[in-house]
Amino acid sequence: MHSVAIIGASGYAGQETLDRVVGHPGFEVVALGSDSLAGSGASALDVRLNGSLPRFVPNEEALASGADLTFLCLGHERAAALEPSADGVVVDLSGAHRLADPALYPAWYGFEHPRPEELAGWTYGLPEVSPPVGRLVANPGCYATAAILALAPLAGAIESGSVVVDAKSGVSGAGRELKPGSHAGFVLENVSPYRVGSHQHAPEIAGALGYPVCFVPHLLPVRRGLIATCYAQIDGDARDLIEAAYAGSAAVRVLPEGVAPELSRVQHTDGAEIGVYDERATARPVIVCALDNLGKGAAGQAVQNANLALDLDETLGLKLTGVPV
Amino acid sequence: MHSVAIIGASGYAGQETLDRVVGHPGFEVVALGSDSLAGSGASALDVRLNGSLPRFVPNEEALASGADLTFLCLGHERAAALEPSADGVVVDLSGAHRLADPALYPAWYGFEHPRPEELAGWTYGLPEVSPPVGRLVANPGCYATAAILALAPLAGAIESGSVVVDAKSGVSGAGRELKPGSHAGFVLENVSPYRVGSHQHAPEIAGALGYPVCFVPHLLPVRRGLIATCYAQIDGDARDLIEAAYAGSAAVRVLPEGVAPELSRVQHTDGAEIGVYDERATARPVIVCALDNLGKGAAGQAVQNANLALDLDETLGLKLTGVPV
Amino acid sequence: MHSVAIIGASGYAGQETLDRVVGHPGFEVVALGSDSLAGSGASALDVRLNGSLPRFVPNEEALASGADLTFLCLGHERAAALEPSADGVVVDLSGAHRLADPALYPAWYGFEHPRPEELAGWTYGLPEVSPPVGRLVANPGCYATAAILALAPLAGAIESGSVVVDAKSGVSGAGRELKPGSHAGFVLENVSPYRVGSHQHAPEIAGALGYPVCFVPHLLPVRRGLIATCYAQIDGDARDLIEAAYAGSAAVRVLPEGVAPELSRVQHTDGAEIGVYDERATARPVIVCALDNLGKGAAGQAVQNANLALDLDETLGLKLTGVPV
Amino acid sequence: MHSVAIIGASGYAGQETLDRVVGHPGFEVVALGSDSLAGSGASALDVRLNGSLPRFVPNEEALASGADLTFLCLGHERAAALEPSADGVVVDLSGAHRLADPALYPAWYGFEHPRPEELAGWTYGLPEVSPPVGRLVANPGCYATAAILALAPLAGAIESGSVVVDAKSGVSGAGRELKPGSHAGFVLENVSPYRVGSHQHAPEIAGALGYPVCFVPHLLPVRRGLIATCYAQIDGDARDLIEAAYAGSAAVRVLPEGVAPELSRVQHTDGAEIGVYDERATARPVIVCALDNLGKGAAGQAVQNANLALDLDETLGLKLTGVPV
């Protein structure tokens, strides 16, 4: 049994991570951190949580719990400022340790990185593309995961200046915090692009792929799920490259021709699905990746990374089965 | 007063056209055609319709009514087979007369055009780009309207091989007909690309712009509204070109920097709004056009075309004002 | 032309009122009050608003504008504290002047009414049931409007202890303010009862009907629209009574048997529709009223009340026509 | 290992049952019946289904498979006509065997029951209220499950003439079949009552409770989930009675005061949650039960019934844990 601490357990990413940890056969929660809920029992977060979990403690206290595995589910700037624990595996679900170059933080995240010298100690863990190495794992962003899963297999064949990633996400991607863009009176019966040219996942995608992409996110009137439609000019057969990349993958399903990716099949799961199309008017492949922004795009991938970092079966505790309608 | 016949009045496009015609100060309905509702009063379609409208008659009978203005709101193949009335303005909301080259019909619409020699007699009427000439007007498709409004002003400056149109539409775009893709159990909490590389609006867009585009439509879980996110490499300033094109336009609003297009502001209207962005990672303009697929994308534009064909004020009967939340 | 001031113009009720006023042939906006937007042009609220409107001023300044007609679109407690202008018609969209008995305010609104002696000067204006008298009009709540329209015609025939009002509203009913219950991550794919037994519209309904009802509101995952399903044991024929009450009404449509009320037909309108059913298992009438919480449930009714108070045609500026799908 | 046949596996109830069976440690699928998919592999239903399942066969053939356990997921009339297999447990998810009195079928289901003499051999299995006895189990309807769970504990204390059940369901409750009421263009941004006074779950509820209730269902714009708001006059303390009834229940959670039932917490689960309120204006308890119409309202309860009929742990294969946001 590995002891687990969740820091920032009361946000969306924290709660979803808790959901996976509670269902994991090799994990045991020893500390639940939340500054707002400190002192309350776990049921203060959700009535489904019963008495077997520890009470919430302040995040700093949870950080110091000495757990074998710590999930950081905090805001970017807060996570960047933390002094990581002396040992144990740490998976950071924020963007605080995703960009190798600290100089990128002011422009894309709006703050100077407070501990730039430590960035080199973290690895960007996207299991199917760049499995984690070492005990400090930066967990990828939801959009970045979808774009990289779609495009990484085309490396070498791609005409990089041509790449467009048009992405659409459900509202849980923006977190539990109250803001005008998450108000249901804005979200329902609406769709809108946002942060065009300035979303912090753009440099993350570029860092992983090795070239910049034109990335435009849109907000969807759905609770959870994300779809990235990727356009590229390549020299080669996109389907062959992608099928080869994910043959045998437990979490990524390449769809046969004629089956379109759907949010509804990946919601509440930790897998992703990819459709590959030949668009006939301009003879360009279109690669579409769908995943759950809170699953493969956050908590599910965090647990997958933790499993790998702890030398466990990659799929333990993940939601990868089932065929609900 | 111009007499009006609506053929296929019981579908979504027909009902929305009726909505505009009933509110038009210069139009009077003289024939409502519907094969399924023939013999019933107008309230059989919608309880809000009271006794002042004529009863439904079979479509053939409505076609023969001798109205000054006829709206064809039928399926593509059915509309293609019609012998247009001897005189009067005819606005066809289907795709039956949008493609100049009859050879394109089998590949994109799935049928041989039954009256290929007549295609030359129709004009493709997109008021802001190619106002209708003559009495036979092919009304543009919803996706095509959005893509053309976004891209036509860039003609000349554009690197045509680079153009991607990633479009998203509400479910009413697929009509009132029952099909698996319109079942709410499929649509809700879901988003999916469809007809990638084979949607019939692709050749329509190419015909209007003069070059092929990579066009991918997606189905959204919204009742009405459509957004087209357009990517292009151009030589020039996209915002300048687009603002110049629509200065003074009654129906197209170019948004100032910092304001994103939103479905919610164009739903239930006959206008469109366009946002222009400089995406900084790849220095590519992104042009986003939002409209109501049943308004500017169908019935509203049909009435706008009819007004022009009849030498009336272009905006009569259109929904272009109001600021509901 | 009547001069109009809107106080609290940047909330949902304020913006919808502005929408109606801008389209009203006899009204002219002379003051737009908003403490948060004071100093900005009208387009700061919505890009669709152009230069012909005055700039926003602080609410106190707008209140002192001396307009012929003032709409108060503020929070309950704020509105209760205002000293009404010396003359001119005032329509208050908040609950500050709806309850005749000041003693009810602490229990149902959570504050002592600061000007209890003035409550008697206001009339509760529900045009079809209790048209406004005098220049100070308390505009009914959205739930209350639906419940009263459904039940008022049964007065006398009703067994009052039996009345249940099960109501469901879209999220705009809770206003533009950010709160957990309006977060789209909570609202989407969710339905939940709230404020059971403690919603402030309960005493308002009781005050208008003359007996208490069991009132339970629920939050729906829709942007706008409200439906109240009302259950009562009566001695008489519910349909006859209701049809008689609204024969000739411009804003209330009693549906024929076999047609169910639908949110979609009343959204974006200032009308209401009522369905009457005989439930066969317990021989009890069920009366269902649907309306738009921002239309007949707020801004539309406010303008209807203003028209009556100013001796104008009741329907001027209202949205009562159209048959969109 | 128990061998399992699913008849009508390609509908919503069939697919959800398959989902539970595939995840059940003691069940093995030996026959998948579907007349429309006969001859195809399981992936024809859903791309997530891989090669380990048998191919679809015609329903008659699946029925004759001699499985230890058979789930009937057919339409009411079709299921009523079947000759049940000679042995093995059969759980019927349709309404064909729910009403004890065959005379009720013409009025509520629209057909004469073809095998009235066999109804007495089936038991109505609602595990928490009336656990199944024998090998033929009629699985309750979704609405009925919610209403009975809310009201059964009040038996004896209730004033039966007073009971109102106002219920709201997501669209999957209507099945995968194409019909106007399930078209997303009708469902989205809409809510509407339907089958008021004539829904077939009314006599089912009455049969289980022993008295008729006023039952009104409404269609919600959500994919899955159902909420029943129940009103009753009782002599006693509703909360005490309900908490006593479900103390120790694995599938039914009685919420503490101050926590409202929510669809979102029960979606994709096989549990139910119940909130109990004292409504202060009329001093009447309000009991609200939320469940997933495809989980506790269909497939989950079917598996729960099967477990009981086979003397297995009631919760095997059920979805009763997890705290996703």
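Letters A, B, C and D mark the chains as written, and numbering starts fresh at 1 in each.
Note that in this section a residue touches a chain if its C-beta (ideal position, glycine included) is under 8 Å from a C-beta of that chain, and two chains touch if they have at least 3 such contacts.
Just so it is clear, the structure is predicted and the values come from calculations on it, not from any experiment.
In this assembly, the chain whose C-alpha centre lies farthest from chain C is A.
Set side by side, C-D and A-D show the greater C-beta contact count at C-D.
With centres defined as mean CA coordinates, chain D is found 36 Å away from chain A. Note: centroid distance chain B to chain D, computed from Cα atoms, is 44 Å.
Rounded to whole angstrom, the centroid-to-centroid distance between chain C and chain D, based on C-alpha atoms, equals 38 Å. In chain D, 12, 172, 176, 185-186, 188-190, 221-223, 264, 325 are the positions where the chain touches two or more neighbouring chains simultaneously.
Chain D meets chain A in the complex at residues 12, 15-16, 18-19, 22-23, 45-49, 172, 176, 188-189, 223-224, 253, 255-256, 259, 264-265, 268, 273, 294, 321-325. On chain D, the positions that touch chain B within their shared complex are 12, 170-172, 174, 176, 178-180, 182-190, 221-223.
Across the interface of their complex, chain D is touched by residues 161-164, 166, 168, 185-186, 189-194, 196-198, 202-203, 206, 212-216, 218, 220-223, 225, 227, 229, 231, 260-264, 267, 275, 277-282, 284, 286, 288, 325 of chain C.
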